[in-house]
Amino acid sequence: MIIKIINNFYHHIRAILIGLKYLLSPGIRITLKYPDELPILPENYRGMLKLNNELCISCGLCSQICPAGAINLKLFEHEQTKQVGRHPEVDYKRCIFCGFCIDICPSKALELTRIHDAAFYVEDELYYEVNRLIIGPKIDPPCMRSKYVISEIDEVRGIVYRNA
Amino acid sequence: MEIVDLILNILLHPSIFVPLIFPGFITILIIIILLIWAERKVAAKIQMRIGPLYVTRRFGGILQLLADLLRYMFAEVITSKDSDKFIFIASPIVALTATLLPLAVIPAGSLLGIELIALRTNISLLAALALSSLTPIFIIIMGWASNNKFALMGSLREGHLMISYEVPLYLSALSVAILHGSLDIVDIVNNQQRVWTVLINPFAAFSFFISVIMSTSRFPFEITESDSELVAGPYTEYSSILYGLVMGVPYMRLYVFTLLFVDLFLGGWYPLIDGFSSITLIIKVLIILLFSVFLRSVYPRYRLDQAIRIGWHILFTLSLISITLSLLIIGWVM
Amino acid sequence: MNIDEVSRVFKDLKSMIEPEAQISILSSNRLIITTSTDKLELIANLLKNYGFDHVKSVTAIDYPMKNIIEISYLISSFNNLNLSKIILTLKTLIDRNKSISKSLYKVWPSVEFLERETYDLMGVFFEEHPENTSLILPEDYKDIRPLRKDFKLIK
Amino acid sequence: MKTSLSKQQDNRKEIELFIGPQHPASGHMRFIGRVDGDIFTNFIPDPGWVHRGIEKIAENRKWIQIIPLVERAAILDAANMNIGYVIALEKLLDIEPPPRAQYLRTLLCEINRITSHLYGFGIAGIMIGSSTFYMWPFADREPLIDIAQLITGARLTYSYMIPGGVRRDLPQGFKEKALKALKYIERRLNNDYFRIFFDNPVTKARYQEVGVLKRDDAIRLGIVGPNLRASNVKYDVRKVEPYAAYPELEFDIAYEKEGDCYARLLVRVEEIRQSIKIIRQILDALPQGPIIHKKYEKLVSLRKLEEYQKTGIFGLPAIFTVLRPPAGEVISRVEAARGELIFHIISTGELRPYRLRMVTPSFRNIVLFRELISGARVMDFPAIYGSIDYFPPESDR
């Protein structure tokens, strides 16, 4: 009984001390202040798509494999090159970013970009026609003071963010 | 000029100054705003987060609570159809008032040479304790008037807890009274000039402090409003400014009790700073307050029956021990 | 687990359940027992006594062309680590129009929610199940049960 | 009081308490409880609020398109959901992925197991009010999610395993980063977590001897996963029917004898330790070689093959869009983070499965609510809920 009480008391103290330790030790934080700090994602991150229409062979595999039915094919004539083909259009309302379309594309016409913030002011902007898909997603930083950071795994602090 | 003098005189008269400015209403508002901010920041620091930030970024979001309060002000007061509307709205206000009542008899040192006590009686300790026991009743009424099962269960919990913390609270306070041979808090503080009560009778201090934690539903005794099963306990149905009030009540109660705790156990306004003895007092109060809110980030909450058991088994025993100790010390000294 | 042991279990079960039911091997450690609905409980009891102590899944498969619904109980063991390497399928076929089957709740209480879900989504009524009420669908659902083949998804 | 509350109590002393679906602790879930004083006399779980009909949708999807679909059952545990389906599909197709792919699959599964358990800890922590133990495990998932992101290119919905292998090889410098993350998580788990939560006397008071599940009951009710092992049943699919690289790896089954809430949490702690051990072994002994079955390696375009040899990202062969496994019936089981996951698939040799049955561990554990909480105190409800690590979307599918 006495031992149990002493043991309990000891563990109470230990819990309070670990709290104090984290309170007083300098700056361990894992939060990323997202709109202010934008992470630079790893190179192979599966973000939004970009189309290289010169490589596209209009095979339609991307549309066939898309699990969410987000890719439609559309007849498209390029303004300058006058090249004609059935090129994909992406509906980001449906897209689940699985990257199957990129992987199955036999001619590497579809490319990954590392941009993932598919947020727009107008709903229709979520639908990427061929024109826009060729240009690729260009999304402005969400706020004025945004800066890019690199996240690194750290043995002591879990994750540290360095300015890029 | 005479009018200004008159107003100043009225304002600086202890019976106005104490409840209204220091340590009364205005100080409480400031302290609560800082305290809740500090609570959130402390928790954030321990939990590897940032905490409130975007309201006044430069000062680390210190005005966050003010912004929240403003939002509460402009929100619609919603009373549910089945609630007892008059009591539902009146009880938070009465509870708030009742919480502040003990301040009338709790001395808070002196400021600019004014003795800060609104009402000096020779039974101020008893009066403070008696007045402080009003609030839980209104919390229970709130839950009843809401006509909500969760609120009702929360009220019942408050009732259960109330009987288990009040006894040790009063007994340990009385053991201090026995030790110093007076029921007047001013006398008790003055007696501690050389040595604080906490050093003479630590059991009393411990059981008093835990009872305070319990009565103001701080962790690990945040049982009344435990959100994981009761949503918000007695406060479930409250919204807008009424919610702001009911959420403020436990903090005010904590402040009042901390003031009492410092007076009884930590030597009140000693060591003296000439003419500004209140500053010593308020520093001690702030430290105790910070420690109480810091506990949130260390503990989960106890179960209701466990808390009641702690109240009756441990705290009650400790308070009895503390009374015995006080009697022994008195007997030994005399 | 080697093949010998599976075949030993296979032989044991074969001698135990025949001629009420047929047993066959699906793959290396998957066995299938097929039986009729009225013998289901009997076989289940035999299997339970043999050491199969819980049900992993109740799968109902709708065959509108053959007008049957096939119900499979996937059975295995936690207690006997040799048996737990086998998953035994206890199969029975019921009439699709009536779609009434016998609940195995008395034998294996672990079928409770699995059978309830099957009732809910496939519309197979399990007699003697303690709670044949909807689990996922609304309580007053009257339409075709969603896992039936004639329930079409709109694309 | 003029209304229901008092009316209801006319001739009973119980009140009926509806917890959820809009309640801070219920999750996407509803519970109907009867309370007598401080005791639940009856407690009925009512799931189905996040039912998405994965089984039905799967009947209308091509085989390859089901991979992202089944992941959505438990987004925290995507890799384990994924491997369960892919193993079933591979059995139908009768192919076996190369050893390197097996190891990579195991690696991702174990990372996922850790993150999933950490999530469970966080929920368990906030359920009994420990806000710090809510934030810490959630924060500490971040390094692990980061290394999973390095492998797969996504934070949660990996869709990493495809029939015949995996989609990507490890990037450069992965091992160092992974080891750092493991070291971090190990230190936090063994020191900080225990000091603030597991050894905290309040936690022990809330968890010990609460919600005791006896061994026989656990078997009778068909409980799975850590909840089963906490009741002293040494059943782990990774040992009983080893898949992927598990036969070659060394690890122990974590189990406890008491069967109470505390034991259920400790089993998860031990499982995280074992997972760390497994990941270390994988990083040390990762075999060289291809990451995809050679049958499919030949089928991708030249351009993709070049890319595969250069960057390790394998393109999908076009045949995947018209994958037609032969007719047959297949049952696969894997040990997901919350327990045994069953896929029972009927193929008729078509483009789409005829029937896909997915029994998730949470669904099999749902009965625990009724069994453990009936008769417990009202305040034990969140403690038991947290300790079961129940995940409503996984249960509803």
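By letter and in written order, the chains are A, B, C and D; residue numbering begins at 1 in each of them.
One rule holds for everything that comes next: a contact is a pair of C-beta atoms (placed from the backbone, for glycine too) under 8 Å apart; a residue touches a chain by one contact, two chains touch by 3 or more.
This one's a predicted model, so the numbers in the text were calculated from it and none came from an experiment.
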- prompt: What is the chain whose Cα centre is as far as it gets from that of chain B?
  reply: C
Task: Between A-D and C-D, flag the pair that has more C-beta pairs in contact.
output: A-D
Field: Rounded Å distance, chain A centre to chain C centre (Cα mean)
entry: 43
Field: Inter-chain centre distance, chain C versus chain D - centres from mean C-alpha coordinates, in Å
entry: 25
- prompt: Using CA atom averages as chain centres, what separation in Å is found between chain B and chain C?
  reply: 62
Message: If a residue has to touch 2 or more other chains to count, which residues of chain B qualify?
response: 46-49, 297-299
Task: Provide the list of chain C residues touching at least two other chains, using ranges where the numbers run on.
output: 155
Query: Taking each residue of chain A in turn, which ones touch at least two of the other chains?
result: 15, 18-19, 30, 158
Message: Testing understanding: with touching defined as stated, what is the shape of the graph linking the protein chains, line, ring, star, complete or other?
response: other
Message: Touching pairs of chains, all of them, please.
response: A-B, A-D, B-D, C-D
Task: Note which residues of chain A are touching chain D in the complex, please.
output: 8, 11-12, 14-15, 17-19, 30, 41-46, 59, 61, 64-68, 96-100, 103-108, 112, 151, 153-159
Query: Where on chain A is chain B touching in the complex?
result: 15-16, 18-20, 22-23, 28-31, 33, 158
Task: Going by the contact rule at the top, pick out the chain C residues touching chain D in the complex.
output: 26-27, 29-30, 53-57, 59, 61-62, 72, 74, 78-79, 81, 84-85, 87, 89, 108-114, 117, 121, 135-137, 146-147, 151, 153, 155
Message: So in the complex, the part of chain D that touches chain C is made up of which residues?
response: 47-48, 51, 53, 55-57, 60, 91, 218-222, 228, 233-235, 240-241, 329-331, 333, 340, 342, 344, 346, 354-355, 357, 359, 363-364, 366-367, 396
- line: Contacts from chain B onto chain A in the complex sit at residues 42, 45-50, 53, 294-295, 297-299
